[in-house]
Every structure is written in structure tokens, then in C-alpha cells.
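Look at the two complexes coming up: chain A is in both, with chain B in one and chain C in the other.
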Partner chain A sequence: MVENIGVLVIFFVLIVIAMIFYFAFQSASIEEKQGELKIRNALEITSKVSMLPELQCRKNNVAEAHCFDALKIDSAKLLFAQTQNEDYYFQQMGFSTIKVKWIYPYNDEKQIYHKTMPEYTNNDTSRIPISLYDPITNSYDYGILEVNVYS
Partner chain B sequence: MKLIQNKKAQAEESINWVFVLIAGAVILLFFAMIIYRFGIVSEKQTDVTIVTNLNSILAGTELSSRFSTLIEDLPNDKEAYFDCNGFTIGGSTNSYQQKIVFAPSQLPLNPLRIWTLDWNMPYLVTNFVYLTSRKIQYVFVHDENSPLKSRIESIIPEDMNKLFLTDTSRTFNNCPTRYVFLDKDPVSLQDICATSTAVRINSDGTISYYSKNGNSFILEGQSNYFDDASLQAAIIADNAVYYECMMNKAFKRYKSVSYIIAERTLSLKNDPQLVQCNSHYNNDAEDLYRIVASGNFKTAFNEIKSLMTSIIGTNRQLPLYSCPTIY
Partner chain C sequence: MEKIKKSKKGQMELLGIAIVIVIILVGVMFFFLFAITGENTSIAPSVIRTQIGANTINTLLKTTTLCKKLTISELITDCVDGPNLECSGKNSCEYVKSQISYILENTLTNWGIDYQFDILKQTNTAGNEFTPIGEMDIGSACTSQEHFEQLLPTQISYAKASLNLCN
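Up next, the complex of A and B:
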């Protein structure tokens, strides 16, 4: 009788140990996935912003890849900040700071969107090279789109 | 003494067997419960995985215009339920957020056709995403030489389960079937399916939604379409509420993009370096500001249509005077 109870106790102890190992492994892999998602989120926002018709340059309605229309940037900044549009652009860009930087022929930068997460613990920055088209002079400048995502 | 010891040993052995039986039953019950729970969790996990993957696909497709894909490895018995806010598969729901998605309200998942079309008004506003399945049959009822028929044929996916008919005297066995009457009033049909729906699409941009009542159809609501993208949307979405709700979402995007186009046009119009161009921009910017301030797409429909024609005309003329285009 005592031996049987002993066997059962050992059996259940082994099951509990196996479960503890399983859950510890699961939680480690969840944390790893969370890290991956944060980086992916920054890249996704960068890609979404670069494709917004509010900023993109188009010629005869054909989009130019990684090109922002310099004449649209200031009005886009105003549009993103308007209360009635806040929800839409927050869902697109989340808690982030988005800047357009001119690199050549001159240096300048414009912040087009800014929403900080209160008490954020992490921020990931993603940058892509862009061209900035000026339709008045019909010329292109070189620049960078910088997206800083808070989490 | 030996007899008493024997009897005690026999009794202890019996108790041991009873104990082993109870312990065995408890262990069996424990594992049976784990397997049962695992079954429920795994079913839910399948739904969640499909919902998450479908959401990722929708997010990706939303960014690429004129994209099309067929997904054939989804479970055969699963159905998705769509409304204006999002979609549900099993017990898992997902919101579209700001995506403009058109789908039948009840969609068998396998095989799933997803495609996109850019919504140009006349400048790009957003991409519309469409979903359907070969299990849904689309029956287009039209007159001979209908201009809408050739227009629809050229824009809908080739592998869509579709029929173009001028005569509807046959019996329709597919369930569900979506009837699309082109410039024609819905007629009574021999249709075995209770969930079939119908829409009348007119060349003048008006659409009427119908639901089934016996073998005939009753009018549910009326709306409008602008272009090929919204025409397809009217065919795919099977009720007026869903179509209008999505179109109002799209109209909000239209207002945002129009604001940018209006501001840009005004900057070009007032730029001292482009004095020779100023008069060629007409009043399109001012008209766009008026649209931005208007209510919904139905009330502004005629105004938008005429403004689109005007902007297209101006945009064609501008390069002739070496002036930057509006879009």
C-alpha cells in the first residue's frame, strides 16, 4: 500500500516538473516573439508611411517608389494632427515619431507625426532613403524617412 | 495463527487491487481531461491562426494595388462572417481597423480569392480589398449587347464562379448564389437557396440591393457607385448596410487625400514662380475644399462626379502649358 502511494507521488511530481519546464520554455519563446514583433512593427509603419497617398509623389497618377512630394509634407503634417483624423492615423502609425530629413543638396528636417507612449520602455528606429520631389522646380532632393516607434 | 495471517494478507491484497483500480481511474481521467481540453484549445487556436493570417494578408494586400491571390489550404468546413466592423471565424473576431474590405456577409473559406483594386477619384485615395469564394456563384442577368456586361467581365477575377445569362428560365441549384441584374429589374427565379441575394446595377451609377423572399426579391436599400472599384464592391458586398458603411469609410479617406490635393493645388496656383500657370488651375482647389466639408458620399455623389470630370480635364491640359499636374 505504502509503496503504491510512493509510486503515485513520484509519478505526479514528475508530471509537475515536466509542466514547469514546458511553461518556462513557452514563456521564453513568447518573449522572443514579442521582440521580433516590435522590430517588425517599426518596419511595417515605415512601409505604410512611405505608401500613403497623402505624401507619395505621383506623375499622371502613377506612384514613384520611395518618393515624397515636398508640397504635400506641410499639409500632411496638419492633416495628421487634426482631431477628426487622429483615430485613422493613430491606427496607421501608432505611438511613434516620424521625421522627413533632407540630406542633399541641403540639410533640413520636418517632423510630420508625433505621438509618444506614456512611460514607454523601448523605442525602435527604422530609416529608409527617399527622394523628395519639388513640383515647382521639377527637381529631386535626397532624404531619409525616419520612424521611431515606442513600446 | 498462520490462518489469520493468510486472511490478513488476502484482505490487504484485495485493498491493494481496489487502490490500484481507483488510482488507475484517476490517472486515466486526468489524461482524458487534458486531451479534451487540448482538443478545445486546438480548435480555438486554428480559428485564431486563420483570423491572424487573414488579417496579415488583408494588411499586406491593402498596400498593393491590383494584387490577386488564391488561398486553397484553408479548412473546408470553415466559414467567415463579415460586417462593416470586422470578420468572425468560429469564436474569433478581428476588426478591419481602417481597411476598406468588401466580402459576402457569409463566406465559405476554402478556396478563398483575395484581390485589390485602386480607388482613383481621379487621384489615388486607397486600395479596396475584395474577398470571395468559388463556392458562391455569381449570376449576371443582362440584355444582349449590355455595356455593363463587358465592363464587369473585364474587371472581375477570371476564376470567379460566374454565369452571364440573358434568359433566367432555368433552375439554380448552387447555394448561395448572388444575382446581379444589369440595367434590369430582378425577376422571379427558380432558386433552391434561401440565402441567395440580388443587386440591380444601373449604368447611371445607381444600385439597388434586394433580399430573397420565396422565389422573388424585395428591395432592401439603394446606393451609388463611382468607378470600377466601387462597382466591384457593389457586386461583392451582399447588403446595402455593409456597402454604404464601407463606402463612407472610403469617403473619409477621400476627404483626407482631397484636402492634401486641394492644398497642393492652391500652393501651385499661388506660386510666384508659376505665374504663367496660375489661371490654368481653374477653381478645382476651391471645389475640393467644399467636398472636404460635405456630409457623406451619397449626398455629395453628383458634385464629386462633376468635379472628377473637371479635375481630369485640367490635369490633361496642364502639361501642355508646362505646368505641374494636380495629381
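Up next, the complex of A and C:
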């Protein structure tokens, strides 16, 4: 009888050790997934912003991919900040800071959207190269769209 | 007789423990096998790299330079065909190389991404053989990489702009 109980105790102890290992591994994997979801969210916002008609350049009424019209940037910034549009753009861009940076032929930077999450614990930055088209000079500058997402 | 019975019972119990231990060991082996060789399902970093690589080459070639308002792709085609143009005291090859280096250093290098940028020239008009123009090599050679390229028609043949993002 005592021997049987001993066997069962050892058996359950081993099962408990296995479960501890399993849950420790699972929690690490959940953290990894959370991190990936945050990166995906930043990517999603970057893609959405790069295709916003409020910013996108057009030639003969055809939208150009990954290209911002330099003349639209200031008016888009005002549009994003207007109280009546706040909810709509918050749904699109969430808690984030969005900047357009000029790399070539000169360096400059414009912040087009900013909404910080109160007491955020994490921020992920996503960047993609974009063309910045100046319709007055008909030239394309090299720029970056930088999206910083708070969570 | 009783001694034999007791010894048989003891042997059975030991066999039971051995089976339990074997089952647990098999479980642990499977766990580690999946934990170690389990496929990394994270696709976000590779999507980011692909987006950066594709956008870098597309945006770069479209960019207007300060040399006669020509784009980088126009300067590359001149470099491959000639070079005939002169910009700030340099021929088109030297000039476009310096402009591309500046852009890539201020983006990819700053983001910690190693890269290799090359301009390739078509060597035979019939086939699709391209050889790199040695002097246009920017960045460091990669052992493994993600490759992006764009074909550029020149007046004589074709050129290729090639970007490798090192892993």
C-alpha cells in the first residue's frame, strides 16, 4: 500500500515538474506573440498611412504607390488635428506619432500626427522609404515615413 | 514460497516505475523536440525587411538629384552607356555613386541593416547576362541576403540596379 502511494507521489511530482516547464515555455511564447502583434500593428498603420489619399501623390489622377505629395503634408496635418475628424483618424492611426523625414537632397522633418497613449509602456517604430513629390518643381525627394506606435 | 511472491511483487512495482519514467522521458523528449525545432512563425520582421528593400530601390531610382534635375535612374543609364554627363566636376558614375551612398548610409546603415548595392550591365544583347560595374559597388558583400532588383533600359542595352539586404 505504502509502496503504491510512493509510486503515485513520484508520478504526480514528475507531472507537476513537467507542467511547470510547459507553462514557463508557454508564457515566453505568449510574450513573443504579443511582441509580434505590436510590430504588426505598427506595420499596418504604416501601410495605411502610406496609402492615405490625403497624402498620396497623383499624376494624371493616378495614385502613385509609396509617394507623398509634399504640398499636401501641411494641410493633411491640419486635417488630422481638427476636432471633427479626430475620431476618424484615431480609428486609422490609433495612439501613434507619425513623421515624414526628408533624407535627400536636404534634411528636414515634419510631424503629421501625434496622439500619445496615457502611461504607455511600450513604443514600436516602423519606417519605410517613400518618395516626396514636389509638384511645383516636378521633382522627387527621398524620404522616410516613420510611425511610432504606443501600447 | 512467500519470499518468491514478495520478490515478484517488488519486480512488478519496479517495472511499473520504469514504465512511468519511460513515458515521462518520451514526453520530455517530444516537448524539447518541438520547442527546439518548432518553426518560428514570426513573419513580421521578414515583411518589414521586404518592404524596406522594395521601397528603397523603387524610391531611390525615382529620386531627383541636384545634377541637371536628373533622376538617379537616368544617371545610372548614362553611367552604363558612357559616362557622358558631368555633375559637380565628377562623371555621372562617380556622382551617382556618391549620392546613392549618402542616401543608403542615412537610411539602411543608420537602421543597422547591412547591404550591398550594385549596378549591373548587360554583357550580351541577345541573352540575359549581366555583370556588375565594379566601380559602382556600394556596401559590403553578404553571405546570405534578400535580393531586390530593377531593370533599367538604357540607349544601348539594359542595366540592372541590384540591392541585397544581408541577413
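Operating definition for what follows: the second predicted complex is superposed on the first by the 146 of 151 C-alpha atoms of A that agree within 3 Å, B and C clash if a C-alpha of one lies under 4 Å from a C-alpha of the other, contacts with A are read in each partner's own complex, and residues count from 1 in each chain.
To be clear about the criterion, a residue touches a chain if its C-beta (ideal position, glycine included) is under 8 Å from a C-beta of that chain, and two chains touch if they have at least 3 such contacts.
Every value quoted in this text rests on a predicted model; they were computed, and no experiment measured them.
K.L.:
With everything superposed onto chain A, say whether chain B and chain C fit together or clash.
P.N.:
fit
K.L.:
Per the contact definition in the header, classify A:Leu71: touching chain B only (first), chain C only (second), both, or neither.
P.N.:
first
K.L.:
A:Tyr22 in the overlay: touching chain B, chain C, both, or neither? Say first, second, both or neither.
P.N.:
A:Tyr22: touches chain C, not chain B.
K.L.:
Is A:Ile10 touching anything from chain B or chain C once the two structures are fitted on A? First, second, both or neither.
P.N.:
After superposing on A, A:Ile10 lies in contact with chain C but is clear of chain B.
K.L.:
Classify the contacts of A:Ile130 with the two partner chains as first (chain B alone), second (chain C alone), both, or neither.
P.N.:
So A:Ile130 only meets chain C here.
K.L.:
In degrees, to the nearest 10, note the angle that opens at the C-alpha centre of chain A toward the centres of chain B and chain C.
P.N.:
Reported to the nearest 10, the angle reads 100 degrees.
K.L.:
State whether A:Glu32 touches chain B only (first), chain C only (second), both chains, or neither.
P.N.:
After superposition on chain A, A:Glu32 lies in contact with chain C alone.
K.L.:
Go through the superposed model and pick first if A:Val2 touches only chain B, second if only chain C, both, or neither.
P.N.:
In the superposition, A:Val2 touches no partner, neither chain B nor chain C.
K.L.:
Using only C-alpha atoms, work out how near chain B sits to chain C after the chain A superposition, in angstrom.
P.N.:
Closest C-alpha pair between chain B and chain C: 12 Å.
K.L.:
If I apply the document's touch criterion, which positions on chain A are contacted by chain B in one structure and by chain C in the other?
P.N.:
In chain A, positions 4, 11, 137 sit in both the chain B and chain C interfaces.
K.L.:
Could you list, by residue number, the parts of chain A that touch chain B in their complex?
P.N.:
Of all residues in chain A, those touching chain B are 1, 4, 8, 11, 44, 47-48, 51, 53-54, 58-61, 63, 69, 71-72, 74-76, 79, 85, 88, 91-92, 135-138.
K.L.:
Inside the complex, what are the residues of chain C that reach chain A?
P.N.:
13, 16-17, 20-21, 24, 27-28, 31, 35, 42, 44-45, 47-48, 51-52, 55-56, 58-60, 62-66, 69, 71, 99, 102-103, 106-107, 111
K.L.:
Any idea which chain B residues touch chain A in the complex?
P.N.:
Checking each residue of chain B against chain A gives 12, 15-16, 19-20, 23, 27, 59, 63, 97-98, 120, 122-126, 252-253, 256-257, 259-260, 263-264, 267-268, 271, 273-274, 315, 324-325, 327.
K.L.:
Hey, which residues of chain A end up touching chain C in the complex?
P.N.:
3-4, 7, 10-11, 14-15, 18, 21-22, 25, 32, 36, 39-40, 43, 65-67, 103-105, 126-131, 137, 139-144
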